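Worksheet: the structure to be examined is printed underneath.
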Amino acid sequence: MHTRKIPLAEDVDLKAIARSTPGLAGADLANIVNEAALLAARRNHKKVSDRDFDDAKDKVMLGTERRSLVMTEEERKTTAYHEAGHALVGWLLPGSDPVTKVTIIPRGRALGVTSFAPQEERHNHSKRQLEDRLGFMMGGRAAELLVFEMLTTGAVGDLEQATNIARNMVTRYGMSDKLGPLTFGKKEEMVFLGRELATHKDYSEQTAVLIDQEVREIVEKANDKAMELLRANTDKLHLLANTLLERETIDGDEMDRVLRGEKLEPITRDPGPSADVMPPQAAAQADEVQQLDAFGHPTPRPAGA
Amino acid sequence: MHTRKIPLAEDVDLKAIARSTPGLAGADLANIVNEAALLAARRNHKKVSDRDFDDAKDKVMLGTERRSLVMTEEERKTTAYHEAGHALVGWLLPGSDPVTKVTIIPRGRALGVTSFAPQEERHNHSKRQLEDRLGFMMGGRAAELLVFEMLTTGAVGDLEQATNIARNMVTRYGMSDKLGPLTFGKKEEMVFLGRELATHKDYSEQTAVLIDQEVREIVEKANDKAMELLRANTDKLHLLANTLLERETIDGDEMDRVLRGEKLEPITRDPGPSADVMPPQAAAQADEVQQLDAFGHPTPRPAGA
Amino acid sequence: MHTRKIPLAEDVDLKAIARSTPGLAGADLANIVNEAALLAARRNHKKVSDRDFDDAKDKVMLGTERRSLVMTEEERKTTAYHEAGHALVGWLLPGSDPVTKVTIIPRGRALGVTSFAPQEERHNHSKRQLEDRLGFMMGGRAAELLVFEMLTTGAVGDLEQATNIARNMVTRYGMSDKLGPLTFGKKEEMVFLGRELATHKDYSEQTAVLIDQEVREIVEKANDKAMELLRANTDKLHLLANTLLERETIDGDEMDRVLRGEKLEPITRDPGPSADVMPPQAAAQADEVQQLDAFGHPTPRPAGA
Amino acid sequence: MHTRKIPLAEDVDLKAIARSTPGLAGADLANIVNEAALLAARRNHKKVSDRDFDDAKDKVMLGTERRSLVMTEEERKTTAYHEAGHALVGWLLPGSDPVTKVTIIPRGRALGVTSFAPQEERHNHSKRQLEDRLGFMMGGRAAELLVFEMLTTGAVGDLEQATNIARNMVTRYGMSDKLGPLTFGKKEEMVFLGRELATHKDYSEQTAVLIDQEVREIVEKANDKAMELLRANTDKLHLLANTLLERETIDGDEMDRVLRGEKLEPITRDPGPSADVMPPQAAAQADEVQQLDAFGHPTPRPAGA
Amino acid sequence: MHTRKIPLAEDVDLKAIARSTPGLAGADLANIVNEAALLAARRNHKKVSDRDFDDAKDKVMLGTERRSLVMTEEERKTTAYHEAGHALVGWLLPGSDPVTKVTIIPRGRALGVTSFAPQEERHNHSKRQLEDRLGFMMGGRAAELLVFEMLTTGAVGDLEQATNIARNMVTRYGMSDKLGPLTFGKKEEMVFLGRELATHKDYSEQTAVLIDQEVREIVEKANDKAMELLRANTDKLHLLANTLLERETIDGDEMDRVLRGEKLEPITRDPGPSADVMPPQAAAQADEVQQLDAFGHPTPRPAGA
Amino acid sequence: MHTRKIPLAEDVDLKAIARSTPGLAGADLANIVNEAALLAARRNHKKVSDRDFDDAKDKVMLGTERRSLVMTEEERKTTAYHEAGHALVGWLLPGSDPVTKVTIIPRGRALGVTSFAPQEERHNHSKRQLEDRLGFMMGGRAAELLVFEMLTTGAVGDLEQATNIARNMVTRYGMSDKLGPLTFGKKEEMVFLGRELATHKDYSEQTAVLIDQEVREIVEKANDKAMELLRANTDKLHLLANTLLERETIDGDEMDRVLRGEKLEPITRDPGPSADVMPPQAAAQADEVQQLDAFGHPTPRPAGA
């Protein structure tokens, strides 16, 4: 474990932290511990608190917060509805992992983030769970379409992830009746995550057509589900988006209470790592923002959207 | 032979061990012998026993046992039915090699393993044997579908292996009447196991369509067979799965007796290599678990499923 | 920031400069500051003025001005109408970013340039904005066709950019109903900007046909829009083109006033960096002009057309 | 010549040996001579006899004999009928080269071998000769199918060779009326033997379909011919297979006599190179046996099947 | 400039020379200057004359003259009509650049050359100009067909260039109504000039069919135009070809006068660089003539045909 | 020139030699001169005679004579008719280059050779000449088919060359009306001779189908022509083949006389370079004969068949 020389506060549950970051490489875990110690030092804490770990985890997994990034009011609003869309669909679908945080503070290349953490490390996913995950992914775009009647470039990361999941359902998990319980294409070194140079497409064009149809149907169905859920809960969507515009960040509990009609207490959050705010140019450099690609939720490996 | 300097117990039948690991490279055999010696030392045995060899073989071929991996009760149950499905279909099909062990103790990246060992080293396989092997492969997924009415990502390894075997039947062994006694595609350096960089698809799209159809029909037929057998033997499936949930691991004899209606004596197994249990994070690192891919029976080269 | 050792004039608004160059890499920004300082020195300014920064930015982003390049009168006229076409369509479309400069002084490999600068750094683009951007891109070719009833090789850069944007709308941003909210093709290292060696086309021919149809429809629609707008505003097109032929360069304010019917005051521009005019041969060498490709607006990364 | 320092027995006809190994590279020839000398020494012969050369040739061309390889009785029987099928079809077809040896002693990766040697070095092959060669190739699989009504993986090598020959007939030798007297595909460095990395398929899909059809028809016709001949000569097939099961190896003369109804004298063969028998594991390592691929007649370059 | 140390004759107009060689790299320009100085020295000129520059330019751009190459009388005649065909079609089409020289003295691998020089450096080309350029390219083959009713291998270079131009019109310049104002295929490093290793064909087969049809229609139309013009001006074609057979080389003015019916004065040309005539074998070596490819106008980069 | 230090006999016409070897690289020419000098020395000539040059040229261009290669009488006869077929069709077709030698003495990998030498170096080939060349190429196979009603593998080299020429006629020389005056496919470094690694097929499948059809029609037409000519001149074919079987080698004049009905004087040829006859095995090694490919006329670059 990477925490030996750092005194931990009593409330820190290392196991819970490790469990909430399944899929992270060892280097990333070490990174989180280091960041937490740095934050604790900067905040003059004597021990590393749960809060320090939490912020460190976000920084490592989602990129540095960029509070100073100037967004237009329009962009802020779009972002709030986009994230609220993700969060609300996730809240409504039984198979979704519980949302842990929704924020419209830009991080890395994303204008907003909705994180969820599986309660327990799951090793196996049912078709139903994947379908609900897809609904959650499509929720952001659906909210924008519903409220502003507008499609934006911001959903590119969601669409990519959703397409990949749907493709895996069809070509690797045997979850399409039209294609049957077979696998298609070479998986060698994670073919469908795009790492390999030369691929071996080992099926016919006719099969490729079937795969395309099924992948599309799965994504469209998830999109329709998300649209339908948001349309039936527009009031909740507005409520959540407005809360985000007001408070910028809410955690899972707060979201739960808002959606159940409770009022949240006024916030007195400390600004956190806003001390290392970068001037816009530098930030632009650091993150290599590309105009057309921005807003493209890089959705950190397992937990963002 | 790699055992010269290690005193062997009298019950060790080296020939039997070698025979039960056909297809293993020399380095793997040496590895097994070393692991067996280490285990014997750790267990304070004076001689390397058959049991030490057995555990060593499992470790090398299936990965380290991960007893401490926290599975949800639901996952444990799914795994038990999955493995029971493999084992039962194998038990029912005449052409299957006899099952030697069924376990729901996670190993490497697999949540459970069903091993079988060919009684004698076979050099030639009939179409019938391959079809029964395919039925065995599909048994896990079929059991999940039958009992939980649910498809999961866990069958990915089974589907991949089954697809490969069916493809070889059609394109290399001339076992499809629709394609005839010809071979298709370049085999150079095991083309169909995906090792080579550039492949030469030396047939037309029309032929590719035929191959896809035949491969699919073979896999679907095996899947239907497995479903049918399990449906006709649901009581045996429940019996076997429950035994697994109770005992975690059973060997071939025990399985035989359970399925024939006998009662097993209470277990007093020593925990074996559970001494080198890893904390979940470390295990996650070591095995590079990827959330979506877990449960993906890596099915060791010739003997697991 | 790169300006510390250089005294700035009071009118210089560094933030505005940085904001007007979104998407530039750090090296480019440093380059602009250096060029501005050099220009200020050559012009015997004591401080670096806003004007110096402006010229420096153009040089870095659009290439060196090539005032001495001999164009035929016919080419000058074609260029004027081409740029006027871009600028006028941009002026007429609500979703376009405001034009900041239109010039028919050759720069780098372009015979003329129309720059626009987003008022604020945008991180997200709506479908509408992209459609208006496409209209702007097609404006140059449309003007040539309308006035001279002639297609030229000069629009090659515009067509390429427009095709890329339309392709991204269809394959990455989910903006085509026919293809749905999915992504198509591997994006790895900016696939659609053509940097990667080996690509993975992960969809069927049938889908490729749909993509081609949609990309074409989007570009054609933008082209029709541009034609229609210019046809309805031919008087404004002539006015703008003639102003360009007279003054060579106008900025956004001047364009605005011309198009609103105002008269511009006579110009007394200083010749700027025309001191480093190159002899035609040398220029030809330096820029590696290729006869057939000339006029091919290399349209600097985010701001030219 | 490689035999200078080795005293030869009087019966050795070096020319005949060289003639019986057409297509062998110089290194292989040298290898045979060396092996013959070694065998002569081990057998305490004073001169290298014809028999030594013969065994040496087999070892170099077919791999080491593996007498100790444990085959099941079923596999031995399958192998005997497989080889008897090759040999009998070859004996019956006028265009076949005469069989020189049939054996069910495993060699290298093959469970059995049927060798033939062209009486004279042929430089040119007629369509008829190639068709008869194809019949000979299909004889093994046909016999298994006829006697056991079973297809096995063991014919993979035969199918591959037959497919290659048929493909060459169509694409290189102009022997298909449907494709005409043209060549198809690049031959550069033996394209159709699979050595090159990048291939140039220089014909259309329509042509590829025709090629596939013709190749298949040629192989199927040869298969039908083999089936038909064996069906009409089942008694001879049983006779030959039983002789093999009894004697393990017979030469061309013996086969001839058996098939003509003569009785063979009892054998008193010396065990030959069985001294360097390997234990099964080591053999498995040395030959990298892969369970599914075994029995895959590697058919040595020009003379085995 | 590369001429500083070389005294120039008064008649030398360096700007005109540079202008007549657009698209040449700096190294080529330096080469021309060096060759001119060498020629001047060999000819015992005290200053480098315009004539020296002219010959030097031809040598660098078209290859060494090969006066000694033995052509059959038939080949000489074919060549004369081929070049006359180019020149006459160019003379008749308004959009063509003026012809500057027509010659049937072999140069490099070409048996004859027709050069043209754009009066001014053009940066933009209209569709009409490209169509006339295509007519000019097809003129040589058309003349051969018209006069000798014979197609020869000599037009290969013309056909290649014409195909490339037509393809660019369709895929890069948006000049085909059937394909619309889009670009097709990756241009990266001059894709259509064949320099890159791996290409990205980013469109469907259906689009590929359309492109093929349009490219063909454009080339065929140009071919028809050339045939038609030559058929209507057969007398001029004979006149020009005969003048070439008589004088071997004529410049643009001479051609103009001949075609307008004037008589040319008898020639007293100095043999020029014929001093370095090579014996046929050496020439064959130097130029790596390949029998089937000869006559294949390598048409120097921008100016030959 | 490579002959300076070697005294030449008076009858040697160096120009004629050079002219008869168009397309040879300089290294090959030097090689011929060296071989001629060696032969002259071995034959105890004081000067290098025309005969020495002739034999040297054959050795360099066609490979070493292999008089000792043992052919069956059947193969000798097949070869004689094959070469007689080439020679007779060439003699009958007006566009063919005159045959200079016909031989059934094996050379390199060929069992026989028919050489022709263009009277003058040709730089341009008409469609008619290429068609006659194709007829000549098909003559060998046609003769075998006509006389023996048998197709053999020996024509593989002829078919390959014919296919290449026909393909070039269609895709490079614009000689097919169905494809028009365009080029197809990238030529870069002799694409159609198969030297390059990665090729760019720049046309659609539809075009590929047309190309295949045309190439086939051209080759089939040439084949029909050859069949027809031989059928109408069977007596001449027998005469020529029998002369070859008797004399092994005849030159162009002898062939001419035989075909015109004259009787040849009895031969007293000196055995030439038969001194360096190789034993069959060594020859097999040296030439890497491959059983199936033998007889595959390697047809030396420009002059054999």
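Which chain is which? They are A, B, C, D, E and F, in the order written, and residues in each are numbered from 1.
Just so it is clear, a residue touches a chain if its C-beta (ideal position, glycine included) is under 8 Å from a C-beta of that chain, and two chains touch if they have at least 3 such contacts.
Owing to the predicted nature of the structure, the values given are computational and were not obtained by experimental measurement.
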Check: What shortest step count links chain B and chain F in the network of chain contacts?
Finding: 2
Next item on the list: Give me the fewest steps it takes to get from chain B to chain C if each step has to go to a chain it touches.
Entry: 2
Item checked: Chains touching both chain A and chain B, listed by label -> none
Check: Residue numbers at the chain C-chain E interface: does the shared fraction exceed half, giving same, or fall under half, giving different?
Finding: different
Notebook entry, point to check: Farthest from chain C in C-alpha centre terms, which chain would that be?
Noted result: D
Checklist line | Inter-centroid spacing, chain F versus chain A (mean Cα positions, whole Å) | finding: 71
Check: When the C-alpha atoms of chain E and chain F are each averaged to a single point, how far apart are the two points in Å?
Finding: 35
Item checked: Whole-Å gap between the CA centroids of chain D and chain E -> 61
Check: So which stretches of chain E touch two or more other chains?
Finding: 197-198, 205
Margin query: Taking the touch definition from the header, please name the shape of the chain graph: line, ring, star, complete or other.
Written below: ring
Item checked: Circular arrangement of chains, read from chain D onward through chain F -> D, F, E, C, A, B
Checklist line | Touching residues (chain side chain B, partner chain D) in the complex | finding: 1, 15, 18-19, 22-26, 29, 118, 120-128, 130, 165, 168, 172-175, 180-184, 186-188, 197-198, 200, 202-207, 302
Note to self: Looking at the complex, which residues from chain F come into contact with chain D?
What the structure shows: 70-72, 75, 78-79, 111, 138, 141, 150-156, 159-160, 162-163, 166-167, 192, 194, 197-199, 205, 208-209, 211-212, 215-216, 219-220, 223, 279-282, 284-285, 288-292, 294-295
